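Shared between the two complexes below is subunit A, which pairs with subunit B and subunit C, respectively.
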Partner chain A sequence: MTSTPQKTVPGVVTEAGDVPRPGRGRPARRRDHTVPPWLFVVPALVVYAVVVLYPSLAGVMYAFTDWSGIGGFSFTGTDNFRALLDDSRALESVTNTLLLTIAVVVVQNGIGLLLALGVHTNIKSRAVLRLIFFAPAVVSPVMVAILWKYVYNPENGAGLNGLLGAVGLGGLRQDWLGNPSLALWSVAAMVVWQYAGYSMVVFLAGLQGVPAELHEAARIDGAGSWQRFRYVTWPLLAPALTINLMLSTIGGLKLFDQVYAATNGGPGTSSETLSTVLYKEAFVYGKFGYSTAVALVLALFVAAVSLVQLRYLRAREVTA
Partner chain B sequence: MSVTTARGPADRKAGRGGRRPRYGQYALELVMIAVAVVFLFPVYALITLAMKDPRQIAESPLSLPSPPTFGNFGDAWSSASLGPALLNSTVITVVSLLLLIVVGSTGAYYLARCARGLGYGLYILFLLGIVLPFQLGMIPLYKLVDDLGWLGTYQGMVLFYTGIQLPFTVFLYTGFIRALPQDYAQAALIDGCNHRQAFTRIVFPLLRPITGTVIILNAVFIWNDFFTPLLYLGGSDKETVPVGIFAFVGQYVSDYGLVFAGLVLAALPILIVFVVLQRYVIKGFAGGLKG
Partner chain C sequence: MTTGSRFRPARSTVGRRGFLRIGGGVAALAALPPTLTACSDSGGGSGKLRVVGVADQQKPIEELVGLYRKSHPDDTFATSFAPTDQVQTVLRTQLAGGNAPDVHVLYPGSGSAMSMVELAKAGLLADLSDQAWTKQVPANFHPAYRREGKTYLYSAGSSAIGAIYNKKAFAEAGVEPPRTWSELLDVCAKLKAKGIIPIALGAQTPWVTQLITYALVPNAVYAKNPGFDAEMASGKAHFRGSGWADAMGKYQELQHRGFFNENPNGTTYEQQTSMVAGGKAAMAVQVSAVLAAFRQATRTPDDLGMFPFPGGDDPAKLWIPAGIVVGLGVSARSRKSAGAKAFIDFLGKQENVDRWAQSVAAIPFKRNASTRIDPVLSGFLPIIDDNRAVPFMDQSWPNAEVQPAHFAAVQNLLAGKTDVDGALGQMDEAYGKKS
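Take a look at the complex of A and B:
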């Protein structure tokens, strides 16, 4: 492919006449002087090894120890994982993490898609709407959580309860973050509010890639607007859907900031997630070995979900 | 030209609005605006409360501030130490971005041009870093930074962000470089440039579009990140905006006017940048993640 004009470089051994010949199997291996020297990749590799590879491998190792963060440690086999199975708080955090993730993924992408369809029209306010809906996504999640903590104020006159009262829905007032059976869903709603616009933007990019001729052809063939969405737009949105599902799932599984700032896992353990549990085990209780075991479980969830989603969602992608 | 003119009206019909009657479009516009109004309720609460004194907040939390007071902003600016926090966030974000661009683009240049054997293996190794949650290495890395004496310093955070965002940056750059024609760099090499010169003079300028995406996505992440700066910088004088605001809110939790004035000021810089660069930001977020 890279048949450059003959040029002899001192020190580089080139086989005579090594022009790639078609149909000759693997091209002869030669030193291609257009490939940059490997020194180019060294800085990246060093930083990556120090910040990601070494700590992650060490983390896997510590998951099998009783390390307390200070001094030595001994290997305890699978003790941490067995302890995890007896730890009701950790188990609840697994359930909570999964429920939270599912809720966020479904609702955020559902709303995101509807917003994208609404904005991808000729309405006059579409540019402003797009700006408004996306804006929360660029703000720090902690700050959004602080704001929503007020919105979820249990008092009758303030925040969401005040709004419900003002529009005659006072019966729906709740102690949004103080009610153990509600806190997790309140956190989910807050996350959806922040990132629905993000999903919208990704879907919007997908919608803009749907050729107008396909819609026209379907229309001429007598397809109604639902049929055109179902059979023309939706299949072509698959790549956008893949990105959105991957991002929201991984984000949901790792969610920390919003939970930490809004409920800190409470009331009780009702909104505890894997990330808040592993944070507390390490930095509140000093159980570093146990904490990394929880982190390893989280890592396995994320890896499994990414692989499955990539496989199944990629399979149904079509091109226009 | 004549073709376009001839097809004009048909196109408009075939376009997004479709043959839907006009009033349908107005109805949609109204619905969307109504959704936006409900969506903006938290922002309304944020801005109005920031302009109220405690008595107004207690008596009429939902109404417009009458009269609006602006004292909260000055108080919040100094009690939340927002000046130093903004400086810290800016230094950490800018230096991390510079390193990410330099280290990421050079690394990706090698990985993209040497896509077999070692190069391919390394590329896969970098991709692994996108999937690995950072929590797995969180504690060993914390120990490492502690042992270096870098807790509570800029360099600790810069090292963290450069490393943690590198896989994604390398991924973006590699994909872009692979699609780039090789002829220019080759011509430069033949004309006697060495590889470093070919990269800095020829290849890197061609990477501008993807460098823009790299800057936008990484800047938003680094600027807003909370967990790690809380661990590394919490309690030090190097606290970033999210960490500083979190501590400030914890301290003045019941004074909503003050707290929200702080939030408004803390969120303003990134929102202004977003509005100014909205086209690029939205494009970056929408397209930069395609794999």
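Take a look at the complex of A and C:
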């Protein structure tokens, strides 16, 4: 934990609580009635509307057709949605998607928090460690999947199995991606490895915003490390937790790249997710109408989960 | 200690927290699935003839484009190649957007969303029937090249499925390529006793899963009933209860006898290739088109051979699978259709059919005295010439879902999650869906 933030900021704290920026040599001016420069946002909004919103909304129409992706189509009403309810593969993929999301959200954020607490100390190598932990997050998900396919090589002397054998844990060797009972969890581990550092960065931002005065006050009151974390740090990490849970939940629900590149939904259909199903329906089976219906359901599902989650998490946020 | 105290933090802290708050809201909107978004590519407007193929076609196409340009120096080409999945995704989007390349990859027959039948049905392919080479396509190949009497596909010929084997591994175990199913089991047992994996299987790569069934089905099904496809189409026959059950049973028998590598569902095609090329495994059931990849994986390519995978017990009546290799079609909306068709006509000349076929270890659909066929395929020619070769089964399936259902069924079978009856039931269900 760092010392008080004011120590690092030269100058005087003003009545309004403003801290002059270092090196400027004069107090920062603040206009009380500044109009937010919303016009700057317009170009980005226009691009977003044209590139994302319009095609997405226009695409909704195809969910009610039998379009094959090429040629003409006819409207089929709600046939695609009714077919979805009878599609055992799609329903299995919903279960897989939820299990994968829960695993990723819990483990990724748990590890991310521990990493953040670890590198938020005064250890000398913290900058290097932050870089190392965050590095996988900037690698392409497909590259990560290809890399992990080597790690998950089922041969006894290779990859993770080789490592387990070398440390005397040969009995734990597995066919990580080839066993239908394990494949989904192997993919989850891969995703956690890649994005735990990302969660760490968000938690770190939250940790750096916790005022040291509160910790000092708690320490004076006799609070131990765990109590300071539980009653000071944890409540004030709520905004960071909100973002991490939101991002990891949304990312988990629409996970595609890693699953597609690592298992292609297999063995059998044991690691199919909603995203791989809708991709295959469109580009492998040529059922764009049905695929769009799946995509629409997924989009609505993600939006609903995210909004409920956001509402709940915001309600428990506190400010220092 | 309470959490409700209103401590006034430094402004920098407020800014960071505000950022986090805003970020939470933005994340909900920005991270919605992008899958509803259509995409397209203008593809450029140069005067070049655009050719898009799969990676396997790169070598023959680049060689033949080079030759074509010698006689047509004013014609220029823009070629691009990518793995099958990527090409299918991009090409389908381009076809839907009306900006497909002039010449593009095309899959024979039906059974794929990018097959000749599906695209011809949608009116997206130019008719090539007036070209001379189309008259020389043998009648038994017509379903792969033609729809309603018109030829839409150019393909150099057929590729056989058999066992690519490592001669040194066979010699080490003192065995010869088997000619019957019983001999195969015997050979595998001897290889296994020598510590050599008899058959490498990379079933994590979906398309590899189908090859052993395809190698066994011709004997189990078509040798007894050549009209099986028609019976399937009319609903008289089903996978379940047909010779497919015998073929799947034999597939399972090979696994139960321990003739595959450990964990085939976790093993990739690349690992399978490496096992055979390196001699760790003795053979792999594969399509002849990948011979080049196996040869590249070893310093001694002459150590690799190929033999027809015996599904029955009478060597004189052995049936094999030989499917038309992936080819090319001309876009019906091409603005350079004359140039595109001229290029296809050039590809249809005997010497160029031979060049393409040789490049992908295929057997040309037409042959003359100058035709040279990869020597390792010599064992397949008498069977093909005796009309005991059947097209790859998926090329006549009615929709694109049966083949992936077959992949999944085999993976489930290998994992012990289903039995032969259940696996074939999955395929029957997919077969019954409309395209």
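In this text, the second predicted complex is superposed on the first by the 270 of 320 C-alpha atoms of A that agree within 3 Å, B and C clash if a C-alpha of one lies under 4 Å from a C-alpha of the other, contacts with A are read in each partner's own complex, and residues count from 1 in each chain.
The definition used in the following text is that a contact is a pair of C-beta atoms (placed from the backbone, for glycine too) under 8 Å apart; a residue touches a chain by one contact, two chains touch by 3 or more.
Computed from a predicted structure; not experimentally measured.
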Contacts of A:315 with subunit B and subunit C, given as first, second, both or neither: neither
Contacts of A:148 with subunit B and subunit C, given as first, second, both or neither: first
Contacts of A:243 with subunit B and subunit C, given as first, second, both or neither: both
Which of subunit B and subunit C A:134 touches, first, second, both or neither: first
Subunit B versus subunit C as contact partner of A:286, first or second or both or neither: second
Touching partner for A:176 - first (subunit B), second (subunit C), both, neither: second
First (subunit B), second (subunit C), both or neither touched by A:38: first
Partner chain in contact with A:214 - subunit B first, subunit C second, else both or neither: second
Partner chain in contact with A:166 - subunit B first, subunit C second, else both or neither: first
Subunit B and subunit C footprints on subunit A, overlapping residues: 5, 51-52, 55-56, 58-60, 69, 155, 202, 205, 239, 243, 247, 250, 254, 275, 278-279, 283, 292, 295-296, 298-299, 302-303, 306
Subunit A - residues contacting subunit C, complex: 5-6, 9, 17-19, 51-52, 55-56, 58-60, 68-71, 149, 152-156, 175-180, 202, 205-206, 208-209, 211, 213-214, 218, 221, 223, 227, 231-232, 235, 239-240, 242-243, 246-247, 250-251, 254, 263-264, 266-270, 275, 278-280, 283-286, 292, 295-296, 298-299, 302-303, 306-307, 310, 313-314, 317-320
Residue ranges of subunit A touching subunit B (in the complex, touch as defined): 2, 4-5, 7, 33-38, 40-41, 43-45, 47-48, 50-60, 62, 69, 115, 118-125, 129-135, 137-143, 146-148, 150-151, 155, 157-160, 162-163, 166, 193, 198, 201-202, 204-205, 212, 215-216, 219, 225, 239, 243, 247, 250, 253-254, 256-257, 260-261, 275, 278-279, 282-283, 288, 291-292, 295-296, 298-299, 302-303, 306
Partner subunit A, residues of subunit B touching it in the complex: 11, 14-18, 20, 25, 28-29, 31-33, 35-36, 39-42, 45-46, 49, 61-62, 99, 102-104, 106-111, 113-114, 118-119, 122, 125-126, 129, 131-141, 143-144, 159-160, 162-164, 166-167, 170, 182, 185-186, 189-190, 195, 199, 220, 223-227, 231, 241-242, 245-246, 249, 256, 259-260, 263, 266-267, 270-271, 274-275, 278, 281-282, 285-287, 289-291
Subunit C to subunit A touching residues, read off their complex: 1, 3-13, 16-17, 19-21, 23-25, 27-28, 31-38, 85, 88-89, 92-93, 95-96, 113, 118-119, 121-124, 203-204, 206, 262-268, 271, 399-401, 404, 407-409, 411-412, 414-415, 417-418, 435
